[in-house]
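Take a look at the structures listed below.
Below are two complexes that have chain A in common, paired first with chain B and then with chain C.
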Partner chain A sequence: MNINSKKIVPYFLVSPYIIYFLIFIAFPVVFSVVLTFHKWNIISPMQYTGLTNYVHLIHDEFFLKSLGNTLIFLVIHIPLQIIIALFLAEILNQHIKFRGFFRAAFFLPVIVSGVVVTILWQQLYGFDTGLLNRILIFLGLGRVGWLVNPSMAMPSIAIMATWKNVGLYIILFLVGLQTVPKNYYEAADLEGATHWQKFKSITLPMINPTIFMVVVLSTIGGFSLFIEPYIMTGGGPLNSTLSAVLYIYKQGFFYYHMGYSATLGLFFAVLILGVVMFQKKFIEKDK
Partner chain B sequence: MKRIIFYIFLCLCALVFLYPFIWMLLASLSPENEIGALTFLPTSLSLNSYAQMLSKIPITRAFINSMFVSSMVTLGVLVFGSMVGYALSRLEFRGRNLIFFIVIFTMTLPFQITLIPQYILMVKFGWVDTYWALIVPGLMNALGIILFRQYFKSIPQDLIDAARIDGCGDLQIIFRILWPNSLPALVTVGILTFMTSWNDVLWPLIVIRNDHLMTMPQLVTLFAVGGAAESQLGVKLAAATLLALPIVIAYLFFQKYFIQSMASTGIKE
Partner chain C sequence: MIKWWVNIVFLVFFSLFQISCGSRGERNPNHLIYWSSNNTQEIEFARYIVNGWNKKNPSETVSFQPVPEGQSSEEIILAAVVGKTTPDIYSNMWQGDVEDYAHAGVLVALDTLKGFKDFIYSRCDSNVVKEVTSPDGHIYQVPWKINPIMLMYNKKIIHHLGLKNPPQTYSQFDSASEKFKDENIDKDGYVDRWFGYSEVLVTWWQRFFDFYPLYLAASGGAPLVKDYKAAFDNEYAVEVFSFLRNLYANDYFAKERLSTRQDIFLSGTIATRFTGPWEISHANKFKPKGFEFNFTHMPVPDNHKGPVYTYCDPKNIVIFKTCPNAQLAWDFIKNMIEEKNDLMFLKMTNQIPRRKNLETDSLFSDYFKDNPKMIEFARQAKYVKGTDPYPNLTEVFDIISQEYEACVIYGKKSPQKAIDDAAKQVNLLYMK
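Then we have the complex of A and B:
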C-alpha cells in the first residue's frame, strides 16, 4: 500500500500540468498544422484546400511587407539596444553614488505596460505639438514625421522599444560585467593596455553569453510586436508598421481567415526558432 | 570637475527615462488646451480629464477584473508550478525526463503558433466573454516550473526527511515545509507572473468583447484606439496614467525584487 502510493504520488503531482499541456499546448500545435491545409471561418464547416494557404503565403505582399518591417525593426533595435545597454552598464559598474537610484530610473519603463508606453510616445512623436518635434524646433532643426513618414514609422517604433526595454538589458549586462575577474584588468593595466583594448579583449569575450541572450530576446520581441503598431499607427502609414503578430491578428480576427492566420503563425514560429538557432551558431562560432 | 560633468551626464540619462512619465502625469492634470504647449509646469491643475474618462469607460470595473484575473493566474502558477517543480527535483519516477523535456519544449515554443488554435478552443468551450478564457490558459507556465525546480534542489534533504518522519505527505511537504523556505522563488515567480498577466493585451483583445469583463490594459487600449477618447489627449493620458499607477506603486516599494525577478528570467540557463 505504502509502496504503491509512493509510486503514484509523482504522477498525481504532475497530472494537472500534463492535462494542461495536452489541451493548451500539444493540441493547438497539432491543430495549427491541420488548419494550414484548410479554409475556415469557425462558423461554417472546415473546407480542405490542400496547399492553397502556403501558395497564397508566398505571393502575399502584406506578409512580405510584415517580414520586411520586422527586419527593419531588428536591424535598428538590436544594435541600439546592445550599445546603449552596454554603455550604461559600464557606467553603473563603476563606483558611483546613487547607483540604486539610476538603476531604478533606467528600469522603470521595463515594468510599465506597453500600452502606457505606446500611448505616451504617440504624444511625444506628435508631428505638430509633440514634445520631440518641439525640442527639434527649439534646437533650430526641422520637424521629423516620426509616425507619419512611412520610412520613419518603423524606426520610430524601434527607438521606443529600445527606450522601454533597455533597462532590463542594462541589468543583464551589469550581472555579466560583475562576473569578469578583477585581476584580468589589473594584469592588462600592467601591460599598459588602453581602455578600448581592455574592453575589446577582456570585457567583450566575457560577456558574450549576455550579448547572445540580448540578441535572442530582442529577436523574439521583434517578431512579437503587436500593441505598439496596433495603438500608434494601426499598421500604417502604407503598411510600414504592419508587424508579424498584427498581421496574424488582422487575418484571424478581422477577416476570420483561421486557416491562413494559422499558416502565418506556424511560419513565423518556425522562422523564430530558425533565426534563434542560427544566431546561437553564429555567436558561438565567433567566440 | 570631471566628476561633476560625469554626474550631470548621468542625470540627463536618467531624465530621458523619467521625464516622459512626469510629462504624462502633468499633461493628464492640465487643461486640455494647454497640453500641446506643455513642457514643464502647467499653469493650472485640473482633474477634468480624469472626470471625463471615468464617465466614458468602466475603468474601476476593469481594474477589479485585472486584479482578479492576475491574482488567480498567479495563484495557479505558484501552486501548480511548485507541485511539478517538486516532483521534478525531489522525486524519482519513470517519465521524469520526458516531463522535463516537455517543460523546456513549452518554454521555447513561440506563442504565434498556438494563438489561433487556442482561440478556437475558447470558442468551442464556450469561454469567449468569460473569466475562464482569461484565467485558465494562464494557470501554468514553464518558467514557474523551472524556477521552482531549481530552487527546491537547493533545499537540504534533511528538512524533507524530518517532515516525512513526522508523517507529512508530499503536498504538506510542498506547502508547509518548502514554501516557507522558498520565499525568494515565490516572490520571483509571483512578480513575473502577475506582471505578465497584468500587462497582457493581445489575449484579452481576442477573447473578450464585453466592456464589463475587459481587463484594464485592454479597456485603455480600445479607448485610445477607438473613437471614445474623441482625440482628446488629456483623456487618453489620464487613462494611461491610471493604468501605470498600480504597477509603479508596487515598484516603488519592491523595486529590488522587481529588478531581481526580471533579471533572473535572462539568467535561467
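Then we have the complex of A and C:
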C-alpha cells in the first residue's frame, strides 16, 4: 500500500457515517434554519418572509403557554424522579431479599411501549370510572379530575412519566452507588456516623456526576414531552397539557406551517441547550 | 491502487445519485395508476372495477393499489405530492383538502375534460355540484361517496324511558337525558352511564361528529366559511354551543375520554351517539343478544322548520396533474361511478354513493330492502353537506374546536362569546 492509499483508506472507511451524517443530520439542520425565514406548506413553493416567523414566535401566546406547561412538567417530574430513583436505588443497593426481582420489576415499565403505558394510565385516571377514583370513592373521598381538571392534568402526566422512567434512573444510580469505595463507609462507621450522615457526606458527593447525568437526561426527556399528552389529552383540557413539542408538531403536521414549526423547533433546541449548560455550570460549581 | 479505491467510491456515489434522482421516466399514456382507500371492502371494490375495466379495455389499462400504509392517507398523499409520486387517480380525497391541493396546482380541473359536466349534472344535484365548485370556478373533484352523521340510539333504552320515538329536538333530547340520568345515578351519587358521548379531545376533526353536523342541522345547511370570511357567527352556532354545553354541565355527556374502552354504546354505557353508517356492520357483529338500535336525524332547535341537514364526511375522486392522460382517467372514473357500479359499491362497502334519488331509484330498492337501516342514511343523503370550498379548513375547525372546549366542555365562556371569538380568529386567518 503506497502513501497515497494510506491517506485515502481511512476516509473511505468513515465515509458511510459521513454520508449518513450529511444526509440525515447536517442537511435537515441547515434546511430547518433556512425554513425559519420562509413560509411553506409543503405543497406550494416556499415564500421568503424574513424574520416574520421569529416576530410571530415572540407574540404567540400558545407557544408561551406550551413553554409554561413544559416547565410545570419539569418542575414536578425531575425532582420527583430523582428523589424516588435515588431512594429506591439506595434500598436496592442493600442486601435485601428478592433484590434481582425488584430491580427487574422497577425496570419493566421502561421497556414497555410509551403508547401502551399511556393508554393504561388513561384508564386508571378516568374521572367517572377510573380505578384511582373508585378507590377514592371507596375510601369516602371525592373524585379527582386527574385528566379533566386543567390544574391537575399536567401533574397527573408528570406522575405517570415518573412511574414509566424511574426504572432507568434507578439503574443509573445503582451504577453510581456501586462505584463509591466501601472503605469510606467503613471509616465513617468507625467515627460513629449515622446512615443519614453517611448518605449526605459520602454518597451524595460521590455520585454527583451520576446526579448531573440524571438531571440532564431527565431535563432533555422532559422537554421532549409528546406521546403522553398527544394520546391522553390531545393537549387539553384548555391547553393545560399542550407541551412545546406537541405544539411544534401541531404547527408542522396539522397545519403544515413548516417555516413556523422550524422556527419554534430551533428556538426550543437553543433553549434546551441553554438550560443544560446552565445545569452543568450550576452542578459543577456546587461540586 | 488509488484508482481502485476511487473507482469504488465513485461507483457508490453514482449509484446513490441515480437512486435519489430516479424518476418514472416517460409514462405510457395508455396505462394509468389508481390508488384506492386501504380499507378491505374498498380494496375489493377497486379490484373488481379495475379487473372489469382492463378486460374491456386491453389497450388502455389501469393498475391499482391501495394508498400505502401510513399514519393517515392524507399524510401519504401529501408526501406523494411533494415527491411527485402521486397516482393518476385517487379515490379517497377528503373534500376539505381539495382546495389546498387545487391552490397548489397539483390537480386537474375536471370541468375542462370532455363529458365531465354533463355526467356530473346527471349524477348529482346542482347543490352538490355547487358545493364542490372552487372559488376559481373550476371543479377539481368528483363527488363520490358519503357517510352522513346521524343520531344512533339504543331502542330498548328509548322505550324504557317511555318515549315512542328517539329525541328529535333539543328539548326532547334534554328531557330524555334527564330521565336517563335520574335512573342511573349510583349509590355513590355519581353518574356512570350517560345519555350520549362525543369525543372531548380538541382535535379539529372531532367536531365533524358534534358541532358541525348539529350546526348544519340547525341552520339548514348554512356554510361555515363564505367569501374567505367566517359565516358561522349566527344564532344557529350559538344555539348549538348552548345545547351541547347544557349536556356537559348536567352530566348528560361524559367529560372524560371513553373511546379507549370497549364499545360504550353496545355495552349500554351510553344510550346514543352521533355517528355514521359504518357503525351498522360493527354493531351487528358485536352487539349482545337482544340489543336493538336504529338511526334518526341530528337533534334540532325546537323551532326548527324544514329539512334536517347533516355533515356527510365526503370522500371524492381526483386526478393529479402527473397523470399522462387525464381524459382516459376521467373515462375510467366515469365507468367506476356509473349506476350499476354504485350499487356494487353500496353492496360491498355499505357506504352511500353521492348520487341523486338514491332511495327512490328502483335499481337500489332491493339493497335497501335487505339493509333496512341503510335506508335512513339514503333518505338523509338528500340533505347533507360536505365542507365549504375554501383552503385552511383544518385551522378553521381547530379554532372552533378550541372555543368549543372552553365553552361547551368547561363552561369558561358563554356560547355567544365563544362563537364571536372563533369568528374573529377565522377572519384573521383568511386575512393573512
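As a convention for this text, the second predicted complex is superposed on the first by the 280 of 287 C-alpha atoms of A that agree within 3 Å, B and C clash if a C-alpha of one lies under 4 Å from a C-alpha of the other, contacts with A are read in each partner's own complex, and residues count from 1 in each chain.
Methods note: a residue touches a chain if its C-beta (ideal position, glycine included) is under 8 Å from a C-beta of that chain, and two chains touch if they have at least 3 such contacts.
Note that this is a predicted model, so its numbers are computed, not measured.
Asks: Based on the shared chain A superposition, would you classify chain B and chain C as clashing or fitting together?
Replies: Partners clash after overlay.
Asks: Could you look at A:68 and tell me whether it touches chain B, chain C, both or neither (first, second, both, neither)?
Replies: After superposing on A, A:68 lies clear of both chain B and chain C.
Asks: Could you look at A:42 and tell me whether it touches chain B, chain C, both or neither (first, second, both, neither)?
Replies: Both chain B and chain C are touched by A:42.
Asks: If we overlay the two complexes on their shared chain A, which of chain B and chain C does A:108 touch? Say first, second, both or neither.
Replies: first
Asks: In the overlaid three-chain picture, which partner chain does A:175 touch, first (chain B) or second (chain C), both, or neither?
Replies: Only chain B; A:175 stays clear of chain C.
Asks: In the superposed arrangement, which partner chain does A:129 touch: chain B (first), chain C (second), both, or neither?
Replies: After superposing on A, A:129 lies in contact with both chain B and chain C.
Asks: Go through the superposed model and pick first if A:234 touches only chain B, second if only chain C, both, or neither.
Replies: Both partners, chain B and chain C.
Asks: In the superposed arrangement, does A:255 touch chain B (first), chain C (second), both or neither?
Replies: Second partner only, chain C.
Asks: After the superposition on A, what does A:265 contact: first (chain B), second (chain C), both or neither?
Replies: In the superposed model, A:265 contacts chain B only, not chain C.
Asks: Counting residues of chain A in contact, which comes out ahead: chain B or chain C?
Replies: The partner that reaches more residues of chain A in the superposed model: B.
Asks: Could you look at A:221 and tell me whether it touches chain B, chain C, both or neither (first, second, both, neither)?
Replies: neither
Asks: In the superposed model, only one of 111-119, 165-173 or 255-263 in chain C has C-alpha atoms clashing with chain B. Which one?
Replies: Among 111-119, 165-173 or 255-263, only one stretch of chain C overlaps chain B, namely 255-263.
Asks: Just to be sure I follow: which residues of chain A are touched by chain B in one complex and then by chain C in the other one?
Replies: Residues 9, 42, 119, 122-123, 128-129, 234, 253 of chain A touch both chain B and chain C.
Asks: Which of the residues in chain A end up touching chain B in this complex?
Replies: Residues of chain A touching chain B: 7, 9-11, 13-14, 16-18, 20-21, 23-25, 27-29, 31-32, 35, 42, 88, 91, 96-97, 101-116, 119-124, 128-129, 131, 134, 163, 167-168, 171-172, 175, 210, 213, 217, 220, 223-224, 226-227, 230-231, 234, 244-245, 248-249, 252-253, 258, 261-262, 264-266, 268-269, 272-273.
Asks: Quick one: in the complex, what on chain C touches chain A?
Replies: 1-2, 5-6, 8-9, 12, 16, 75, 78, 81-82, 100-101, 103-104, 106, 188, 190-192, 200-204, 254-258, 260-261, 392, 394-395, 398, 402, 405-406, 409-410, 412
Asks: In their shared complex, at which residues does chain B touch chain A?
Replies: 7, 10, 13-14, 16-18, 20-21, 23-24, 27, 35-37, 39, 80, 83-84, 86-88, 91-93, 96, 99, 102-103, 106, 108-121, 123, 137, 139-140, 145, 170, 195, 198-199, 201-202, 205-206, 217, 220-221, 224-225, 233, 236-237, 239-241, 243-244, 247-248, 251, 255, 258-259, 262-263, 266-267
Asks: Show me the residue ranges of chain A that touch chain C in the complex, using the header's touch definition.
Replies: Answer in residue numbers: 1-2, 4-5, 8-9, 12, 15, 19, 41-44, 119, 122-123, 126-130, 137, 143, 147-148, 150, 232-239, 253-256.
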